[in-house]
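Order of writing sets the chain letters: A, B, C, D, E, F, G and H. Residues in each chain are counted from 1.
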Amino acid sequence: MNTARLQKILASVAGGQTSVQEALAELKHLSVEDIEYAHIDHHRSLRKGFPEVIYGEGKSTQQIAGIMEKIIRQENVVMVTRVDSIKAKALCEQFPEAEYHDDARMIIVQKGERPLQGKGIIAVISAGTSDIPVAREAYLTASVMGNRVESLFDVGVAGIHRLFQHQDLIQSASVLIVAAGMEGALPAVVAGVVDKPVIAVPTSVGYGVSFGGLTALFAMLNSCSSNVAVVNIDNGFGAGYLASIINRL
Amino acid sequence: MNTARLQKILASVAGGQTSVQEALAELKHLSVEDIEYAHIDHHRSLRKGFPEVIYGEGKSTQQIAGIMEKIIRQENVVMVTRVDSIKAKALCEQFPEAEYHDDARMIIVQKGERPLQGKGIIAVISAGTSDIPVAREAYLTASVMGNRVESLFDVGVAGIHRLFQHQDLIQSASVLIVAAGMEGALPAVVAGVVDKPVIAVPTSVGYGVSFGGLTALFAMLNSCSSNVAVVNIDNGFGAGYLASIINRL
Amino acid sequence: MNTARLQKILASVAGGQTSVQEALAELKHLSVEDIEYAHIDHHRSLRKGFPEVIYGEGKSTQQIAGIMEKIIRQENVVMVTRVDSIKAKALCEQFPEAEYHDDARMIIVQKGERPLQGKGIIAVISAGTSDIPVAREAYLTASVMGNRVESLFDVGVAGIHRLFQHQDLIQSASVLIVAAGMEGALPAVVAGVVDKPVIAVPTSVGYGVSFGGLTALFAMLNSCSSNVAVVNIDNGFGAGYLASIINRL
Amino acid sequence: MNTARLQKILASVAGGQTSVQEALAELKHLSVEDIEYAHIDHHRSLRKGFPEVIYGEGKSTQQIAGIMEKIIRQENVVMVTRVDSIKAKALCEQFPEAEYHDDARMIIVQKGERPLQGKGIIAVISAGTSDIPVAREAYLTASVMGNRVESLFDVGVAGIHRLFQHQDLIQSASVLIVAAGMEGALPAVVAGVVDKPVIAVPTSVGYGVSFGGLTALFAMLNSCSSNVAVVNIDNGFGAGYLASIINRL
Amino acid sequence: MNTARLQKILASVAGGQTSVQEALAELKHLSVEDIEYAHIDHHRSLRKGFPEVIYGEGKSTQQIAGIMEKIIRQENVVMVTRVDSIKAKALCEQFPEAEYHDDARMIIVQKGERPLQGKGIIAVISAGTSDIPVAREAYLTASVMGNRVESLFDVGVAGIHRLFQHQDLIQSASVLIVAAGMEGALPAVVAGVVDKPVIAVPTSVGYGVSFGGLTALFAMLNSCSSNVAVVNIDNGFGAGYLASIINRL
Amino acid sequence: MNTARLQKILASVAGGQTSVQEALAELKHLSVEDIEYAHIDHHRSLRKGFPEVIYGEGKSTQQIAGIMEKIIRQENVVMVTRVDSIKAKALCEQFPEAEYHDDARMIIVQKGERPLQGKGIIAVISAGTSDIPVAREAYLTASVMGNRVESLFDVGVAGIHRLFQHQDLIQSASVLIVAAGMEGALPAVVAGVVDKPVIAVPTSVGYGVSFGGLTALFAMLNSCSSNVAVVNIDNGFGAGYLASIINRL
Amino acid sequence: MNTARLQKILASVAGGQTSVQEALAELKHLSVEDIEYAHIDHHRSLRKGFPEVIYGEGKSTQQIAGIMEKIIRQENVVMVTRVDSIKAKALCEQFPEAEYHDDARMIIVQKGERPLQGKGIIAVISAGTSDIPVAREAYLTASVMGNRVESLFDVGVAGIHRLFQHQDLIQSASVLIVAAGMEGALPAVVAGVVDKPVIAVPTSVGYGVSFGGLTALFAMLNSCSSNVAVVNIDNGFGAGYLASIINRL
Amino acid sequence: MNTARLQKILASVAGGQTSVQEALAELKHLSVEDIEYAHIDHHRSLRKGFPEVIYGEGKSTQQIAGIMEKIIRQENVVMVTRVDSIKAKALCEQFPEAEYHDDARMIIVQKGERPLQGKGIIAVISAGTSDIPVAREAYLTASVMGNRVESLFDVGVAGIHRLFQHQDLIQSASVLIVAAGMEGALPAVVAGVVDKPVIAVPTSVGYGVSFGGLTALFAMLNSCSSNVAVVNIDNGFGAGYLASIINRL
């Protein structure tokens, strides 16, 4: 709560337009709707520019439905991440306007057209075929948040020429999301040829010492290219979200 | 090398203005100046918008000086990171225009005024007094790269009201850099109250299970706030660099 | 065995009321009832103020039933933790007075009313919806052990204002239990605003570098607030137990 | 800031005793004194019952002195932890009322007598001779914070009878702090014979797979005794602080 | 192959009793029977005093049966470890003389009586009920190898008096095997009261930072009692085997 | 793309045989066939001497089939690794010329005879019966790539004489692949007796502190024998591939 | 305290020879001599067959001297481990009968001849030259404890024939101690050729992924030979101690 | 010892030319020269094609000198790795024919010219300036072992065009050694453009999550290019040695 708003309320109290009790209530009333198992944060779409996104893992279908119902009344868009196909089926039956993207394991409810909010293009690049689900989560998130998004899949460093064929796309992007598992080298290579921010997403693809994405994560954090930052393993949603935030600046 | 430039060279070959050997040379000539122990990448300031930055750790004074000399001839700014005070003294004697910032262990050589390139304000926030060296590295990097930078130190989560006193500064920034060691919670809290990108920098401050910054790093990657991305432990330079890149979009 | 009791037995021997063999037997007779696969420690409810609690994981239904049967004869309360719903069904059929709490995966047998033993209020706070099972285990344990317990769920640091809405509850508690997964920042923030002991419970909620609760654990141990101590990952029972012990002082 | 205080200020504004600007100032004025490198939190001794303690590691003598000077003006006690003997010498010269405890590496400034605040006895137990520095840090912290403290050193599990000789002391304590390195088994054994809270402090004593205290930490978190909670490795200060908080309930 | 046998063969060659080809064959003929997927080492029962034991995990029923068949022809005892109940059923049908111990997941084929070979008593002690399977594997192995074995289960350090009740058994043993999970403290305590070798077996019992037995393993290796050595996690078989070897000296 | 080919194209442009547009196309045309989810790299069999191999894990049957179809048109051999038996069945029905090796979990399609390309013998050695699947993957890969391959299984260091029986085979090999799990000691022993390159393959066989092959991996990297290099855990394919590359030199 | 002794004291109380107070004292009097920083356990040489050994690391010269002085009065032998040469010099001046072994960093005080107590020979084997300090610590410990000890150094698995040359020594030993760093393979190989207990000592020798002995430790715990148990990294003392205990059986 | 030699000795015994004692001696006499602290393996230069190399770390100057002296009498080349400049000075004074390479910390003694033994060119490539010491160790090792070696330094993936400028060198090599720290991506990229074996050497260059080379190691083991194998961190010597072995095939 910033100074201006506080000043306004106080002035209104001083002027007698607002009683002490009313002011108290207003100051303490936060837009958090309390249901038994969740504090829904309606205030977030004002504070953060996008409504709360539901993290589906570890929540029952019933819990997800309960939260969706509350959000859907007030927002034009609802996103649920990490929903398996069984839960998704049940939820889509309950919310006919919901669409399930099984490659990204996301449910999206979108009312009306979402206005374009991002300035430039967001490029989503993946190193291998197996990284696509994570890349798709990023792609969908950025799209839903009102950006133009382009994707480029399976262009890993073992055949680096595959990447360089697509210099036009790479150079045209304002923000780049690069998903890679195994040795996680692709973000460093991509970042070396552009002067734009690169968001690296390690994926859990690989075996042995890939450690479920940890090696890719550490490799990305060690990138010699300085225009790289990293999000959690398999966190395509976070990458898409952050890219949107940057693309709006 | 993009299509346009390739087309131009080929057209010139077709037109006879350029011989095959000349074209060959041009295509193969990359702006990499080869000294015995380093490939200096003069092309970078075109390709990436900022000249190569010298990573001082593990290089001898003589090696650093050699690379500085080459860069300084062609660029308006030279930055050397992770320079201890002994090497710094020797280098500043050799390059009188160099300035050493001992809190951030950086050498900066700047010829003339650097034009302001960033659009908004970059805020650099640190959780504790001990995190200041890393925060200062970020601060100086972003400043040298042409941004307005504000800083706010020692506002960690154990006394969260210290942070909320500075809401004005926090809300005014376009990009935020948040450095924290120990439990690394500050970036998540800051990111929860802004709708701008937050670059989290884990620092190696702490003892026991802080693991030299690893706990802070992992905590930051686990942030429930989605507008956060992370760089390597103690990598203030990288955070400042990436914030500059974002602030120019 | 304390000095007083030893003295009493010895005096009785000296006075001839007790024979050497009887004394020997008494000294060696410990209240441990030996069944084939377990040493049941009936002495514990004297020594520790609460009967032995059965850790259900890795024990067969038959083993749990066997131990329950022995304890139930001598105690007013029996608690079994980490019981899945299949075992629980079988056990509740065998012990009709048993109640299964599936959110916390606990079985509780309580004969009569449990007198209130704790002095103040124990507050149980969770960062997210997914942390509720662990928080509930703490809640039930503290309740069964005779305390007034209040709970507050889903108030994590990404929307820190949700927490501060509940200052009244937080300030009224004598002991606070704070469960959080992912970045585990909530206990440090809560501890920063109270002058009471905070027991932090890391939960295994999260993915990627949450490492099944390890990141939250380490973050909590690094808390800059000094009124925090930590129990094992997902150990809601231990937190509830310790809070009860403290609340009785 | 609690409701009562807010209500009072608002009433005063409503009544015209306080102007909007004064109320604004009061609401925004937090007792945080800003010096260049630290936010000193004078408000803490109200909020938390004890003034801010200075963590000496990673701070220069000059920085420590600067913070001490500010605190010493307003408080009856100043504590600095993790101060090596060189810094300590300089600080004790500057602050003649300061006393340096080299076994615990602490500086304590105490004006006048500290009134006894704790209700019961705090027992500080160490497993080996090498754990004494950590145990002493806990001992001094709890003493300075106004508790009766007893200590018992070098009673590790390899000769468990050494511990059982001191049953009287152990049984008389209200809160127990147990420091141990290597296999970290002592807290579990102690906790098994008392019905009071045990704060376990892993120490970095050991070699090979003691991993600088990590094995002791994990062993303590795995304690089968449920009246145990754990603080960071070598964090004697935290254990002493928390024990004081509990002992005041 | 020792000097004596080599000398004998060479003398036989020198004396013309053995031809060069025969000597060659003899020297090269090792008692290794080659089947497609395994080199069975019949020589082992001479070299090591006990026939090869079959590690059942990761081998198909058919592979185990094939190896059993070969060994059973030449040896009086066959042991298969880590056999699940499904494989066990099939194997016991094929080898009617085989007996399956489901608590220890072992198959034992024993022809006739095994003569007592060990000199003293081997005591097998477990900390908890859940450690019994591992303890039983040790118990059976030591029994089959011709030792008198006594067991004592569920006497962990959280109620240390349960252990001390059984001092007679503990003091009577020549070799002690102590299995414990969680904090793994029991072997150190036991070893502190005897002057005999203690073989510690960490078990994978526990959760959170028990790390599947790793914490117990490290704690045991850190034991302050010097008469302790450790085997791999859950390796009851190895502990029983080594105890037998020691008990024969 | 090497100089020679570039020169040829440029000369053709200079001579007017090739238009600028044609040259552009040729230079940019890389033999990468783009299907929706994969960039197939037909150029690889020229560049690397062997067509792209399909990594089956994490790809759907449909995706694998799609890629196989594209490769099979242009190449004489197709290899798919890490295919479970269910996917394999479906694929073998679709591609009747495909053969599934269930011990190695590989699909191989081979048109006509593969000419022998390797110069010497490749020996594939495994420490235990359980390591055979990995060893077989190496065996098949090297065979398909045109080498003479010999194998020797179950000759681990616990009965080192089993290995030394086969000195002839070991000494005859040009390249040796040694697969071992658990303590991973076999490659060091083998490498100590030959003067040829040894490729060590750690396998995930073992339990407890074998850490799914990590201990074997680290042991192999620590080999005191200098003619050893290591590939990822369970990477029989990589070992067979690299051995083939070496055997062709 | 065993039954017999308890019975005797009780009988004496019953008979009036011992008063209740005297019995109390006797029962509570344990042979632990309390100096300020250590509980010296004189009872140990009765209970464990060897006096307490002083672990020198982390103790000051003064502390070591204090403990030595107390032990030396009552025992024929004093051992101090992990003493650096500076402390050793001071201690040897104070205790002229003390001898410092700098290769093993041990101080030994021995009064008179130590009678031979072990039955067989203890063999101490090291893999490399750099492992000798640890091996020497084991050698000296076992010697001082009254055993015949033979040593064999620098016979690692990279030249396995060096080991097999010494079959006579290896086969003659009753207990074998095998120290190895790096890949830690030697104990498994040695254990494969003997039917006696092998105590494996991992050493911190190596670099990179030797992890200061952790790789050797894990490899040894994974040994396929079942007559192996392991002690902590660099714990030559523990190995020598345990071997002595075994050799006395 | 192979069959042929054994047959010859046996035939000689059968023919009476060799006595049993002589044969025994011959069979048992291995070319291992025993000095107090090392078994020098003169047989190695026959068995392995190159004399034993001395690992300097952890050995005293005197120990190194002792071993050098023994080897130098029988071999044309002596190599000592990991020698710091202080030891090197002393050794070079004692062995005037020794040459110290301080960049690679190696001592080389070479008598006469070493004949070229390798067939092709070995290329040694490093990612950064700081990786040069490791790369130089590889370079010198391969040179001394009789190979033509070319080097290419500071061509990491952040400016990938620097690498592609040197396609001629890369394509001309028979074996490639690629050293890289930080994210360790270079070997995968290089391996993607050649059809020759690539030996990857992770270096300990980097900070934060480079973990002293571990991240680079894991990334290299995860390489999607299959013609890559890896050696220990900073093991330039091993890479050079193995490359030589391969280059001789």
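Going forward, a contact is a pair of C-beta atoms (placed from the backbone, for glycine too) under 8 Å apart; a residue touches a chain by one contact, two chains touch by 3 or more.
Computed from a prediction, not measured in an experiment: that's the story for all the values here.
Trainee: So if I look at the partners of chain D and the partners of chain G, which chains show up in both lists?
Mentor: Chains in contact with chain D as well as chain G: C, E.
Trainee: Applying the touch definition from the top, give me the chains sitting in contact with each of chain C and chain G.
Mentor: Chains touching both chain C and chain G: D, E.
Trainee: Once you count every C-beta pair in contact for both, which comes out on top, F-H or B-D?
Mentor: Greater number of contacting C-beta pairs: F-H.
Trainee: Farthest from chain D by Cα centre, which chain is it? Let me know.
Mentor: It is F whose centre lies farthest from that of chain D.
Trainee: Starting from the mean Cα coordinates of chain A and chain D, work out the distance between those two points in Å.
Mentor: 41
Trainee: Could you grab the centroid distance between chain B and chain C? Build each centroid from C-alpha atoms only and quote it in angstrom.
Mentor: Averaging C-alpha atoms per chain gives centres 49 Å apart.
Trainee: At what distance in angstrom does the C-alpha mean of chain G lie from that of chain E?
Mentor: Spacing between the chain centres: roughly 25 Å.
Trainee: For chain D, give me the residues that contact two or more of the other chains.
Mentor: In chain D, the residues touching two or more other chains are 3, 28, 159, 193, 208-210, 214, 217, 221-222, 232-233.
Trainee: What pairs of chains are touching here?
Mentor: Listed by label, chains in contact pair as A-B, A-C, A-D, A-F, A-H, B-C, B-D, B-F, B-H, C-D, C-E, C-G, D-E, D-G, E-F, E-G, E-H, F-G, F-H, G-H.
Trainee: Quick one: which bits of chain H touch chain E in the complex? Just the residue numbers, please.
Mentor: Within the complex, chain H touches chain E at residues 3, 6-7, 10-11, 13-14, 16, 19-20, 23-24, 27-28.
Trainee: Note which residues of chain H are touching chain B in the complex, please.
Mentor: On the chain H side, the touching residues are 129-130, 132, 153-155, 159, 161-162, 165, 205, 207-209.
Trainee: Can you list the residues on chain E that touch chain F in the complex?
Mentor: Within the complex, chain E touches chain F at residues 1, 28, 30, 32, 37-39, 41, 43-44, 55, 57-59, 63, 202, 204, 213-214, 217, 232-235.
Trainee: Show which residues of chain A lie in contact with chain B when the two form their complex.
Mentor: Residues 1-3, 47-49, 53, 119-120, 167-168, 171, 174-175, 193-197, 199, 217, 221-222, 226-233, 237-239, 241-242, 245-247, 249 of chain A touch chain B in their complex.
Trainee: For the complex, give me every residue of chain G touching chain F.
Mentor: 127-128, 156-160, 182-185, 188-189, 191-193, 206, 208-211, 214-225
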